[in-house]
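One chain, chain A, appears in both complexes that follow, with chain B as partner in the first and chain C in the second.
Here is the complex of A and B:
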């Protein structure tokens, strides 16, 4: 009897401690999302505030599926994700493996490496805006010293803008990949390396046969978080190109923002935001299921 | 030398080159912030120049960048305090107490990490406008809590789960009860982790851009908005905007290095212990 009362108070306490957080998440996240889903069924522009909202059913969603800008934005995003995350993984693996061999100065190197990922994306954008300035940027200045033609406006060029943004992403997020992969390498048992060196395996063989397979879970985590976060990229693109020139660097987040806050087409903006949410959750769920199967995530 | 030595030297060289790639953009802006215009707008990179404090004087004088710094500090502290006050008890409950549907709640909180800010900012704008909260600190604190609260819950849960349960059980036998065990045993033992979690929340809030762009008003704009407006309108003023960027980066570097050990755990939602 006594233990039963104990249990019940434990459960009451648990609910009392968890309750406020759940209510806050409900109010701040679930309510806006439900509100958004509901209003995405209306045709509603903030520009004519006196007009009543008109029920439009799924019209916003059929428009979305046929919208060429959405298609361009999704394609851009896929190119961006694949190129940026691919480069970050390869580069991150190389640097993490190199760090692993260091006996001196590893702590200092680690501290310096993490700087780009804690800088605000807006500031990262500013750094690169000035670095790649066609006239006075460091890149143009150095190219000028070697007599190369200057005046390349990276972010204003139809073909260079997206690659330039990918370079910025690589600068900012390779450190994240390095730290995760490095943590994975540090957790490999020493005996595995000793066994390999007894067999006389070269460092490259150790890298490929022992280290690479051991950090597969970390690689999958990198893929999950980088894909999820790159898909919703906004800050750097907003500051550097605003999606241009033309639609060369348009992303789905940027398009949603503009639909809502430049065109004030709220009904459509909400449909777009629900589209982003659903696609992110679908892709993440696939990843998380894979991670759970390999017992990387709970 | 042996092949092994060459391999190690190569590794140091690779790291050195990467560090240069990481640091050059940052150092360029730091140098620009103390350069006068002729030294910035030159045909070749100039390393020998007379440093000037004019850019900082201007940014903190007529451009009033300190207002942005104050706004960011208030919003970051508010959101962090709220997230910790509400999130830490919730994390403990999820880690230790019997709760109906525990896994389901945990999944719900994981789901909130996936919700993109852009999906929230559109409805939030309309809701805050209808209750006249648009442009207030409260709106920004609420918006930043949408990402900070899940982080606090998820991280602190992982720290509480790592504690050996015997200590809390012993405290309960002593008659302090389960809440007492949380308050007097679990919380003191996780103070360093709690501090690091708080630092991460401050960092994420300080850097946040989209919510601030849409929900802040003229008097509540945060640092990223200030920096972005520099790039837009006074883009010719490289010195001034670089000085603003330096002012924005210094607290981030201090906070980031303080929380270095827990940074990866925070960024991966506890999936990587680091």
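Here is the complex of A and C:
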């Protein structure tokens, strides 16, 4: 009886302690989300702030499906996500494995590698803007020295702008992948490597048969976070190209911002936001399902 | 509840939470009533009119140097000369409209305001601003010879609403052409008179001595539309008429786009990602023989600390036909609040602050020009800003930046059409058509 009472008291205390966090979550995420979802059912512009909102039902969503700029923006975003996350994963794994093998200077290398990640994205964008400046940038100067064609307008060329943005993302976020994968590698039991060594396994075999399978959960976490992050990319694109030239680097996040805060079309912007949210949740749930299946198998 | 159901629900909750977390985005009063002597002569020659001992003014403006610090200095001088005080309430630009609107619809609290053209009509219509025609016409409230005629007529007219003058202008800028006199001399080319001359010279000079023919903005950031507006004005055309319905002439738009495309072909690599500062940097560092940009950015060409080509530039207004210059009128409006209890003192500051002599002080640092005629004949300013004569010519035929709430969307579509023409995705005629559709859809007509 006494233990049941204690359990009840404990549960009540637990709920009470969770309360403030839940209230914050409700106020900062759930309420704005519900408000946004509600607003997406209205045709409402900030320029008509004094006029009553016109109920539009699903009109903003049907407009979204027929909007050619949305199609371009989604396609650009998918290319961006696949290329950036893919390269970050491969590069991150290779560098993390190299770090794992290092016996001296690992801490210093770790610290240096993490530097790009701690720089604010806007600063990163400005840094790359100057690095890749076609007239005065370091890259143009170095290319000129080696006789390569300098003066390439990376961000001003419709074919190069998106790849250049992807390079910026890879530079900034590969360290995140390295950090997670390296931590995963460090958690592998030493006895597995010793056993492999006794069996005469080559480094490649160790990498493929021991390290890679052992860090699959970390890889899934990296994929989950980086996919969600790159899917919502805004700041770097806004600073470097503003979606141009033409629509060459227009991403869905940037188009949503433009619709809301340049065109003041808030109803449609909210529909775009909800579209982003739903697609992010769908992709995330696939990753989480894969992650859980892996855990069950283990 | 089965473990399987629990698991799917848990998964969904986890996914939703992860998605939600990662997608979450993030004046004081004016004191007592007027007690001053608004007719009192300036305490010192060139000083502000009147004595306003004990009167406390509050001015609302956006925060940004060198303008804010320049205005603070002017406020201190005005206070010393008149006995009043002037506090400056400077807030970030993005919050300014809302703060002003809330303050003015409430109990008031501001005496003077910076009013952006895009909300000038809104404030004038709502009765938030006080007409100043009487002050401007009253010889006793102005220094000798100063009146409405002292201002550039086209610029002063922008502060008029429903036949009444509400605001006085300052910090004027426009779009201009700058060309390297030494390069033109060396190539045996005369100074360009028309935009056809500019296009021909750009094509000829492009690639010579490691220089592009011309630098100009190509990024979708506002300046492309400013230049397109000037190119339309140069053909007596404009985006819309007084009824705010589009008046865009497709043939004239196509001619303007055709010029833009020709210029972009002779521009430095990456021009589609150039805003005014990138274009000016390229020109200042000797990477372009000409530049079309806004006047504040052209100021960098003449600054020896920033420019390797200072002193080598000539300036001309944009013109398709020689002798018919055009530009775009970019300006600031200063107005007296209708609820101010210190309108006499507020006008005293406004008149003095927008006069040519005061404007000259900030103009050299900020490269923006004044709204009065005498500013453009000031020899000291001329020496520092050699484009003043060309600017004055451009301002004789210029339209203000559109101040319609729907304009930002139209502007974006206009700039997109220009970019697509430069990229070769659209012909100038097709781009003009796309531009017309965009302007018609967003503005109506």
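Simple rule for what comes next: the second predicted complex is superposed on the first by the 293 of 298 C-alpha atoms of A that agree within 3 Å, B and C clash if a C-alpha of one lies under 4 Å from a C-alpha of the other, contacts with A are read in each partner's own complex, and residues count from 1 in each chain.
Criterion: contacts are C-beta pairs under 8 Å (C-beta built on N, C-alpha and C of every residue); 3 or more make two chains touch, one makes a residue touch a chain.
Since we're looking at a predicted model, the values are computed, not measured.
Novice: Regarding the shared-chain residue A:58, is it in contact with chain B (first), chain C (second), both, or neither?
Specialist: Neither: A:58 stays clear of chain B and chain C.
Novice: Have a look at where A:78 lands relative to chain B and chain C in the superposition and call it first, second, both or neither.
Specialist: neither
Novice: Is A:157 contacted by the first partner chain B, the second partner chain C, both or neither?
Specialist: In the superposed model, A:157 contacts chain C only, not chain B.
Novice: Using the touch criterion from the header, give the chain among chain B and chain C with more contacted residues in chain A.
Specialist: Residues of chain A touched, chain B against chain C: more for B.
Novice: Applying the document's definition of touch, where does A:232 land relative to chain B and chain C: first, second, both, or neither?
Specialist: Both partners.
Novice: Considering only touches as defined above, state whether A:120 meets chain B (first), chain C (second), both or neither.
Specialist: So A:120 only meets chain B here.
Novice: For A:130 in the superposed arrangement: first (chain B), second (chain C), both or neither?
Specialist: So A:130 only meets chain B here.
Novice: Could you tell me if A:284 is touching chain B, chain C, both of them or neither one (first, second, both, neither)?
Specialist: So A:284 meets both chain B and chain C here.
Novice: Considering only the touch criterion stated at the top, classify A:179 as touching first (chain B), second (chain C), both, or neither.
Specialist: First partner only.
Novice: Given the touch rule stated above, what does A:144 touch, chain B (first), chain C (second), both, or neither?
Specialist: After superposing on A, A:144 lies in contact with chain B but is clear of chain C.
Novice: Shared contact residues on chain A for chain B and chain C?
Specialist: Looking at chain A, the two contact sets intersect at 28-29, 32-33, 135-136, 224-225, 228, 232, 273, 276-277, 280-281, 284, 288.
Novice: Sort out for me which residues of chain A touch chain B in the complex.
Specialist: Touch list, chain A to chain B: 7, 9-11, 13-15, 17-18, 20-22, 24-25, 28-29, 31-33, 35-36, 39, 91, 94-95, 97-102, 109-123, 125-131, 135-136, 138, 141-142, 144-145, 171, 175-176, 179-180, 183-184, 202-203, 218, 221, 224-225, 228, 231-232, 234-235, 238-239, 253, 256-257, 260-261, 266, 269-270, 273-274, 276-277, 280-281, 284, 288, 291, 296-297.
Novice: Could you please specify the touching residues of chain B with respect to chain A in the complex?
Specialist: 3-4, 7-8, 10-12, 14-15, 18-19, 21-26, 28-29, 32, 40-45, 82, 86-87, 89-90, 92-94, 97-100, 105, 108-112, 114-127, 142-143, 145-146, 149-150, 153, 178-179, 182, 203, 206-207, 209-210, 213-214, 223-224, 227-228, 230-231, 238, 241-242, 245, 248-249, 252-253, 255-257, 260, 263-264, 267-268, 271-274
Novice: Can you list the residues on chain C that touch chain A in the complex?
Specialist: Against chain A, chain C makes touches at 7, 11-12, 14-16, 18-24, 218-221, 268-274, 278, 281-282, 285, 287, 405-406, 408-409, 412, 416, 419-420, 422-423, 425.
Novice: Which chain A residues qualify as touching chain C in the complex?
Specialist: Going by the criterion above, the answer is residues 28-29, 32-33, 47, 133-136, 151-158, 161, 224-225, 228-229, 232, 240-247, 258, 262-265, 273, 276-277, 280-282, 284-285, 288-289, 292.
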